[in-house]
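Letters A, B, C and D mark the chains in the order given here, with residues in each chain numbered from 1 onward.
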Amino acid sequence: MTADILLQVLVSGLLIGLIYALVAVGLTLIYGVMDIVNFAHGEFLMLGMYASFWAFTLFHVDPVIALPITAVLLFGVGIVVYQTVIRRVLKAPMLSQIFATFGLMILLRGLAQFFWKPDHRLIPDSLVSGNIALGPVQFGLPQVIAALGAVGVTGALWFFLHRTRLGTALEATAIDREAATLMGIDGQKMFALAWGIGAACAGLAGGLIATFFPIFPEVGSNFILIAFVVVVLGGFGSVTGAFLAGIIVGLIEVLGGFLIGPEYKTAIVLSLLLIVLLVRPKGLMGKA
Amino acid sequence: MSNRTVLDPRKALGAVALLAFALLLPLGITDPARLNFFILILMGAQLGVAWNIVGGYAGQVSLGHAVFYGIGAYCSTMLALSLGLSPWIGMLAGGLLAVVFALVMGWPCFRLKGHYFAMATIAVAEIVQILVTNSEFLEGAVGLSLPLDRSGLAAMVFLSKLPYYYIILGLLVVTVLVAWAIERSHIGYYFRAIKDEPEAARALGVSLTRYKLIALSVSAFLTAVGGSFYAQKEMFIDPGSVFVGAISIKIALVAILGGVGTLMGPVLGAVILITIEEYSRTLFGSTGSGTDMIIYAMMIILVAVFSPAGVMGLLQDLRRHLPGAGKTSETR
Amino acid sequence: MRFMVGKAKGQRSATRRQVITRFVATAALMATTALTGVMFGSSGARAEDEIRIGVIYPLTGAAASTGVELKAAAELAAAMVNKEIAAPDGLTVAAGLPGLKGAKIKLIFGDHQGNPQVGATEAERLITSEKVVALTGAYFSNVTATASQVAERYGVPFLNAESSSASLTQRNFKWFFRTTPHDDLFVTNFFTFLEDMEKKTGKELRTLGLFNENTLWGNETTKLQVRLSDERKFKIAEKIIYPAKTTQMTSEVQRLKAANPAVIMQSSYLGDAILSMKTYKELGFSPSMLLANDAGFNDSEFLKTLGKDGEYIISREVWALDQAERNPLIKKVNDLMRERSGVNFNGNSARSFTGIAVLADALNRAGSTKPEDIRKALQETNIPGSGLIMPWKGIKFDASGQNELGQGIIVQVQGGQYVTVWPTEVATKPIVFPMPAWDKR
Amino acid sequence: MNTPPLLAVDGLGKAFDGLVANRDISFIIHHAEIVGLIGPNGAGKTTLFNCLAGFHTPTTGRIAFEGHDITGTTPEAAAELGIARTFQIVRIFHSMTALENVMVGAMLRTKRVADARHRAEQELAFVGLSHRAETPASSLTVSEQKRLEVARALATDPKLILLDEVMAGLNQTEVREASQLVVRIHQRGIASIIVEHVMEGIMPIAHRMLVLDYGAKIADGTPAEIAENPAVIAAYLGE
């Protein structure tokens, strides 16, 4: 019995952890390329969820099928945000950048409420609804699909960054902007690309969790703190770090909540973050 | 003594005029809601100036100042409720408790740099919020209410808004004076040196930890005092109103909007931010369509995009470029 | 990569063009500031015979969807009082305001964003700038606490229609009135209901799993539940206070599942209510009874969102649509509501509607807009149950300002509807018990 | 005379994650001595400076300053004792004026702002930047910024100053001025160690030269001796 519960808790933690990882990789990518912390990242997630919701409601396209569309849409949103706002604060001090993305966060929430009402919505019957039981362990199919999707997207991102020309250029910009510019890489283009990809990752995460999570304008605020924790724990700018940290955070959160008390689950995760930072001031895989 | 250390008479005159204006302002206001509006501005300004000491001058961006604010609010309220202590004493006690907390938290956190430091401050503040929310001793999420029946100067509870106005004006003046004194002393120079080039500062004998801790402690003390004032004004506090991240962000926003590292920037920032916030809400908030948030957000983004140095930076740019303006006596 | 990217380095001397752009930006900012500043004094001319009532709700932020619904209900009540819409006879609001020579009421809305300080600020603004004669709101108990504090200071009546924290009426306030029953009563009802159920079904329902959210409301509810289960010999198998606005509830549900109580008592706002239901299903956890504490579980969105997964939950309520079957008055009012705003009433909006009705009744009897007169009239309120759309015995305030005649009902979701199942005298359908397991539906 | 030398370095080594930057370096610096420290790029000159000024903790060996062991000390303690330094890539306080930059240095010895200002004005005059006192430090030319760093370091009242490539990128007139500046520092009784690639700037004024290659000291002698040392020639030619 106890072993069963433990196993169940670990599986649940792993599933949610993979989703945290997916939300966080976009955030960490943007940070890695241009040293900007995007406070509006949770809102990209929210937009991704709404994109799935409308695709389902208006065109009866299942969120899972709509994922590519969601990704493309959010890629566009990321580019637009970059071109209209971020590009203009590139040279500003860190505080102005925080200010700008914070404003963006409020703006996107406001717009969502304006256009789509503050209501909570849910996609009632996705393709992937239902449950699977594996021996004593139960899990929701949506969660499993979302977790698998998270692995897939993160893997694809890793492949893109390390095995394609464009991705390598992006990675080069992340490592040394000036050197990359000297090598003929267009920095502006890379930044825009980072925002596009970052937003698309958040959008994909949104599309994947839209199958089981309520959708509302403020939904980003549920995820953003955890996403920050994952990014910092993994080390700002490290995609692999964020992936690992996401899983760790998911496991610790669910396990800690189960063992110590759910009211402290966030505190447990945050304490872990502080402890790790004390030992490794740049996170688990942060670049020195 | 070099003549430059003497007060610039024009600035002194300006300060006196500003203070006189602030002192006389309530005389022309009969409407308590409008007076309340000015109190909110002064509260925002006081917190902004306090944050600016560590976040602006010393360049250590804290996004967890709500923890000090909450400590101040809870400390004075608990002392008043359990021991019947006057909030004036509670305010000082809250400030000191915040200093102790700042030292404990700063010691490890100051090993971190930049965004890592900022994130650590968020984490600390969130943890404290969770602990307070689950603390039986502090009444958890239920919060603490101050009784209405004990009013008067000693209890710092008033039926009229006017005493609150003057108290917070007094606190703001004290806070600005502290910031001013720091700015002019060697500590202020050290703060700016640490912000600009920490390594170079060390090579000149500046202990980073020591001066960062000084900055955080002073800032924490003043922020806690602001928290105690909030408790006295609203007479009800709960973790959700004094320990939340939104407070931390707002405190920083006030300073950033006005211009970090300038003495009066946060005051200007508070005037603008609170005005936009209050009036976008009263004018558009009642529609329930989120318009107020949209307007508020647009303002924030515009300032961030067009004026990275805050409104104060804009004003200085203008002064430098406008023909016939006085030669730049600005030293920064 | 360095952290500040050397951007702050080297004071960039702005070019003239940049300065001009920035100047324009500053000017625009300053102008907006000044403009809003000018606007705050002038709240515009107002008609003489217009009675202004301040209404404070969460119109933006996490609870905005509820706030918007409450607003619609309050507006409907006001329209009826003002005879813009014909109200069914017999209803209190149908009387209008003859005592004030047919004056009209005007609702002035304030948005508290779920923030207690904003609630207080809005209360103050409504009282002093908007010159409202009475206030109502604020849904969230902690906002009601600060907003009513302001009303108390100014000597303006504050009628609370939908906050259920017991402590609100324990503050010895002179100007505070509450129409809705509070948590003490609701929680007591839970236990009485469980005892009734035990008698009826012969099954033991003595082990409880408390599952409450972590704000004022959830905390107070937990305390009451613990106290009552002691008094009435129930056993608490698990007590969980969870942080609201969470990303996952796996640990919580897992603990409940491990403790395996007969009854789950849950207090959640909408988002968490939906997420917890999803998690129950995901982990295949079906207690024999899920006894919810209103709020999220009774929100119009709850069933719309969850569809058949929301079936069979039992919730305490103050109102249910099936009451219309018993009372045609309720049906008529609900039809009007649906016509106007496209949604049915629910427990929250029905209470908001009632709040405005009670204020209008008091204004009418006071025959004056002086706060003191309104307060006296409120104290003397005596509305029979037949004049309300609530399943209450009526409205009559005790010395603390609490309505003595309110009562709660218990509803169950059956066939996509909330049907009243308790108390028996107002029940419309028998209860389905135990709750079917997820895989047997 | 039995007074200890100003600086005595004995068997100093420094490795980063196994990568050896300094190995077994020993030397002595006397009061008011001008010592040139040269070597090919990557020879470990800056690492040595960082160890001396307390920025790195040596992996092995000892450093004694006026007879006191200061191995592994902090930069601020080193400054307190009288070791000042400049940086290879200038690190001026860009939000301050030239004068204020130097004042921060002077504040090590006096916390009174007016006194610090007075001292700073003297040091600015010493390096010939008086006319730029009120200029924002970020608007100074690179050559001026380098001199500003020297003034700032001198304001801390050091006994030893570590100058890291103060002559790099300067034109011939400026190099001559910089050399004269070093001599004037010497005349004030302050010892200096100068990392320099500009040989015509350092050779004429140095009392002694230290040469590093691959982290180790390969020569120690007068400029004339160094110029003919086969190991030194090999190190430079082999580069």
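What we mean here is this: a residue touches a chain if its C-beta (ideal position, glycine included) is under 8 Å from a C-beta of that chain, and two chains touch if they have at least 3 such contacts.
Protein identities per chain, from UniProt: A, B = Branched-chain amino acid ABC transporter permease; D = ABC transporter ATP-binding protein.
Just so it is clear, the model here is predicted, and its values are computed rather than measured.
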{"item": "Centroid-based (C-alpha) most distant chain relative to chain B", "value": "D"}
{"item": "Selected interface, B-D versus B-C, where C-beta contact pairs are more numerous", "value": "B-C"}
{"item": "Separation of mean Cα positions, chain C and chain B [Å, integer]", "value": "34"}
{"item": "Between chain D and chain C, distance of the C-alpha-averaged centres to the nearest whole Å", "value": "71"}
{"item": "Inter-centroid spacing, chain D versus chain A (mean Cα positions, whole Å)", "value": "48"}
{"item": "Computed distance of Cα centres, chain D from chain B, in Å", "value": "42"}
{"item": "Shared interface positions of chain A, touching two or more other chains", "value": "35, 91-94, 110, 113, 118, 217, 263, 266"}
{"item": "Residues of chain D touching at least two other chains", "value": "94-95"}
{"item": "For chain B, residues that touch 2 or more chains besides their own", "value": "113-115, 130, 133-134, 288, 290, 292-293, 299, 303, 306"}
{"item": "Sites on chain D touched by chain B in the complex", "value": "53, 55, 74-76, 79-80, 84-85, 87, 91-97, 100, 103-105, 107-108, 111-114, 116-118, 121, 134, 152-153, 156"}
{"item": "Chain B - residues contacting chain A, complex", "value": "55, 61, 63, 108, 111-116, 118-120, 122-124, 126-127, 130-131, 133-134, 245, 249, 252-253, 256-257, 260, 288-294, 296-301, 303-306, 308-309"}
{"item": "Residues of chain C that touch chain B when the two form their complex", "value": "3-4, 14, 16, 19, 21-23, 25-26, 28-29, 32-33, 36-37, 39-41, 57, 59-60, 64, 67-68, 71, 108-111, 113, 115-118, 120-122, 124-125, 127-129, 142, 145-146, 149, 152-154, 167, 171, 214-216, 218-220, 241, 243"}
{"item": "Residues of chain A touching chain B in the complex", "value": "31, 35, 37, 85, 88-89, 91-100, 102-107, 109-114, 118, 217, 225, 228-229, 232, 236, 263-264, 266-267, 270-271, 273-274, 277-278, 281-283"}
{"item": "Contact set on chain B toward chain C in their complex", "value": "31-34, 36-37, 40, 113-115, 130, 133-134, 140-143, 145, 148, 159, 230, 234-236, 238, 240-241, 246, 271-272, 275-276, 278-283, 285-288, 290, 292-293, 299, 302-303, 306-307, 311, 314-315, 317-318, 321"}
